[in-house]
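The data blocks that follow each hold one structure.
Same chain, two partners: chain A is paired with chain B first, then with chain C.
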Partner chain A sequence: MAVIETQGLSKVYVRDVIDTEYGRLRIRLTGRKTVALDNLNLDVNKGEIFGLLGPNGAGKTTTIKILMGIHFASSGTAKIMGKPLGDRAVKSRIGFLPENPYFYDYLKGWEFLDFYGQLYGIDKRKRRAKVEELLALVGLTHAANIPLRGYSKGMNQRIGLAQALMNDPDIVFLDEPQSGLDPLGRKEVRDLILGLRKQGKTVFFSSHILSDAEMICDRVAILFKGKLRSVGRLSELLSSSVTEWEIVLRDVDERFINRWRDRLERVVESEGEWWLISKSQDLTDAIIDAATRDGGKLSALTPRRQSLEDYFISEVKGS
Partner chain B sequence: MATWAIYKRELKTYFQSPSTYIVIALIFLLMGMIFQNIMAEFSDLSMRSQQMGMWGQQQQAPNVTHMVIRGVFYVMFSLILFSIPLLSMRLLAEEKSRGTLEMIVTCPVGDWSLIMGKYLALVSVGVFMIILSSLFPLMVWYVGKPGSVPEWPIVGSLWIGLLLIFAAYSAFGLMASSMTENQMAAGVVTLIGLLLWNMMGDFQIEQFPQVNTILKEMSASQHTENFLTGVLALKDFVFYILSSFLFLFIASKTLDARRWRV
Partner chain C sequence: MKEIVAIALNTFKEAIRNRILYFILVFAVILILLSGVLSELTYTDRGKIILSFGFTAINVFAAAIAVFVGVSLVYNELEKRTIYTIVSKPIGRWQFLLGKYFGLLLTVWVNIIIMTLVFLVMIHYYIGMAATDHGGWFTVVGKAIGRAAVTFVWWPAFKETAVIMPVILVTMLEMMMVTAFAVLFSSFSTPVLSMMFTVMLFVAGRLNEDITRFCVTLYDRALAAALEKHTSIDAQLSPAYHFADWAAHITPNLGAFHKVVEQAVFEQKVTLWPWSIAYGFLYTIAVLALAIMIFQRRNFK
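Entry: the complex of A and B
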């Protein structure tokens, strides 16, 4: 069942006639329009982790801002849980972490969460318990009484995540949740997102960190210059067949390698071993047969499949 | 509940900010200096009146409420105009420039709740200032002789007038703050707007006397006169309350319109 649906969603940003650019006043009569999103059709199913991927300026944040009701779409429609955007009842069932969360930095960690709890209409007793639970979940119990201006980038991201979960949402929108985090922090966020899926929540997140997306997403959509390039399960998008083989040979001489060099993608010699990259199964078999006949030994044979990064780059380059 | 949460946070911001105390201190410093001058003049006049009485000449004794209290409050009416831009300019402009507004609008909080929470916090600062201003009539009451005590109904009328004017000016300031991300621009627009609103009754167009009447009736200063003389007129209440609602309505629509534009 689709909990997020968009149909022909488009957004054109219009700059003011009198605008400032790089600190200078600029009067602009033409070229004021920028197409940020063009005819986006998406369905996100209940309980899945959906990744919206794309390079900077692809339209990821615009999509999330439209779905959150921060911006209005220029055309097209979207629904969350079957209701039109902006529905107050739906808002109380979704959580949101913006790309660069800005907080009231004079508030302490617990005060900040408590404030959002009040905005969601949670009563005092439940709020206190929820604040404690979330601070523990994101590992900030020790910083509960520190004003947010004393938080590091990673701590800010984690308190932002806690804020997005304050109302125990059914759908969580996370805009670049791993940006600015170190590898450990990224892993914690990954684990948190996987934990949300276990609880039956839907997670819609944007990212350009493809390795993380590949690890946790059930489905992904690739946006480029405001247009949807592809959408689907990773297993559907990425070629399941092997795209290249890595052959490692020992006890073969350079003359043997030179016989095949032209047909190989790459050849590297290292510590008496030859590392060969072949794009064809037949070529791989032939090299191994010939090497064995000539007294050589096969140290390793590694078939390689397409990664999300390979697919992403081919899609973006293709457009 | 959302309005209450925003109100509490906003009020805390006001009372944690040194700028609020600086604005209030400046207002009361000026009022105190003026109070001292008027009191000196009042004592002088009272003494002269007593001396004249002793010489058998009749002269009406000066009235402490009319001369001292009304004089001090007249100054406060003017000072409020200059303090509002400083207090209101950051209300929405800061939220927009810092990006915190985005997080609030994703919560189940209507624009009206947001506007009202902030507006009521600013009006509460006004109430605090009005409570502080009661020091002046209390001082007069404490040191005054029988016959020199304040006329409390007139003082009450001045307080009500101050509150209504503060509320209307605050709504104007909030409206200006909703229109820009630049706090300074919001402050300047508020100051110029409030000055024009007060002065519009002075513009005279000879060819259109009806327009002159309308401009005069729409001028903010026109509706302060009654409060200063202790008259509570319904039309003044309606004027300030309707003006406040109009400015707050425009502020909420401006917030809404921003989602289309950006």
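Entry: the complex of A and C
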């Protein structure tokens, strides 16, 4: 079941517009139009971790801003949990962490979370318990009484994540949640996102850190210059992109290998086994058939797929 | 409602951490205290000078707080992008803006109360010192603080200061309008522009009655010319009249509130006109409605 749907979602920014009339004199200065998002169609299913990937300026943040009601779409529609954007009941079931968040730095950690709890209408007793629980979850119990201006970037990101979970949301929107974090911080965020999935929550996040996305996403969408390049499960996107096969054969002699050597990418002999790298599935099948017929044995066959990064670069370059 | 209160209290917390606020407040308190000293230099009624000076100081500095603190409140939320997480929560943009408004208003009112208390203490101090057997400086100051507290709670407790709290209430009402303007401009423009617009409207509002008088004069002249030339009055009305008429209608009539101050200073009485009070509320509601209309459809940076 799709919990987030967008249909033909577009956003065009028009800057520096002056349109004024003095009698017959009309001054009109229409600034440059920037298409930040162009006809985006997406479905995000319940309980999945969905990664919105793309380089800077691809339209990731614009998409999230529209979904969060920060910006209005120029055209197209979007629904969250089957309801149009801005629905109050839906808003009470979602959490959001913006990119490079900046919060009220005069508030202490617990005051900050307590304030957001008030916006959700959570009563005082429950709020207090929730604040303690979240501070522990993001590892900031020790900093509960420190004003946010004393927080490091990583701490700021973590308290931001905590506020996004204040209402125990069904869907969590995270805009570049790992940006600016060190490897340890990134791992903590990854674990936290995986933990959310275990609880049955849907996570919609944007990122340009592809290795992290590859590790945790069920599905990804790749945006480039405001357009959706591809969307799907990682296995679907990358299975069609197997770049080479690694064949490991035993009990075959050098004469057999020499028959194929010219058509192979690499050939290495090690401890009685031959490691062959083939670029074609047909060639791979032919080698395995021939080796088996000649009494050889197949020790291993490993299709080497593109990494998400390879795929991403080829998609982006292809456009 | 709870959401508006939460945002208002958070805004108040933010505002009271603003150094400009303390700068203005300290300056205001110094000026109020100086009014007593300055009054000694005059030949006229000292009481009138103290009252007039004190009321003006409270009024101008309250407006300064509304302007200097208010114009950046909404803008900062947009600039620092703190608004992102707020609008994603189950609250309307209108609730956010009203929360900001009430938080700022609370800040202005709390400062008015502080200035008023200082003002009351100072007046009671001078009244106490004027007595032949005042019992020493400490006694006078102690009594002045006590009497100021009593006056604050029960306005007519002392004859000399009975007019102060009604005037302060009117000032609070006036600031309700000025604060609404600060929030309105802050909701769509930069702090510098907002400050300029708000100050201009405050000044124009104070001159509103003069503009109206100017309109009447121009109208009378046009009428006389029309009668003389046997033409319609519309043909005789100058563009200046139309502009002034438009300005008189659109700017807030803050002069109406100033009348209360004049009455308090010169007649030692205050009449709270229900229509003036209703006007203050209605004007504020209209300005806030306009601010909400603008803010409701705004794309945040």
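As a convention for this text, the second predicted complex is superposed on the first by the 243 of 319 C-alpha atoms of A that agree within 3 Å, B and C clash if a C-alpha of one lies under 4 Å from a C-alpha of the other, contacts with A are read in each partner's own complex, and residues count from 1 in each chain.
In this text, contacts are C-beta pairs under 8 Å (C-beta built on N, C-alpha and C of every residue); 3 or more make two chains touch, one makes a residue touch a chain.
Quick caveat, the model's predicted, so the values are computed rather than measured.
**Student:** Superposed on chain A, are chain B and chain C clashing or fitting side by side?
**Tutor:** Superposition result for chain B and chain C: clash.
**Student:** Identify the partner contact of A:V14: answer first if only chain B is touched, second if only chain C is, both if each is, neither if none is.
**Tutor:** first
**Student:** Thinking of the overlay built on chain A, is A:Q118 touched by chain B (first), by chain C (second), by both, or by neither?
**Tutor:** Both partners, chain B and chain C.
**Student:** Give one of first, second, both or neither to describe whether A:F72 is in contact with chain B, with chain C, with both, or with none.
**Tutor:** Both partners.
**Student:** Looking at A:K91 after the superposition, I want to know if it touches chain B, chain C, both of them or none. Which is it: first, second, both, neither?
**Tutor:** In the superposed model, A:K91 contacts both chain B and chain C.
**Student:** For A:Y106, using the defined touch cut-off, is the partner it touches chain B, chain C, both, or neither? Pick first, second, both or neither.
**Tutor:** Both chain B and chain C are touched by A:Y106.
**Student:** One more residue to check, A:G200. First (chain B), second (chain C), both or neither?
**Tutor:** neither
**Student:** Give the stretch of chain C that clashes with chain B in the superposition, choosing among 135-143, 189-197 or 225-233.
**Tutor:** It is 189-197.
**Student:** For chain A, which residues belong to both interfaces, chain B and chain C?
**Tutor:** 65, 68-72, 88-89, 91-92, 94, 96, 98, 101-104, 106-107, 115-116, 118-121, 163
**Student:** Contact residues on chain C for chain A in the complex?
**Tutor:** 2-3, 6-7, 10, 13-14, 17, 80-92, 297, 299-300
**Student:** In the complex formed with chain B, which residues of chain A make contact?
**Tutor:** Within the complex, chain A touches chain B at residues 13-14, 65, 68-72, 88-89, 91-92, 94, 96, 98, 100-104, 106-107, 115-116, 118-121, 163.
**Student:** Give the list of chain A residues in touch with chain C in this complex.
**Tutor:** Going by the criterion above, the answer is residues 65, 68-72, 88-89, 91-92, 94, 96-98, 101-104, 106-107, 115-116, 118-121, 160, 163-164, 173.
**Student:** Within their complex, state which residues of chain B touch chain A.
**Tutor:** 1-2, 4-6, 9, 13, 16, 98-100, 102-110, 259-262
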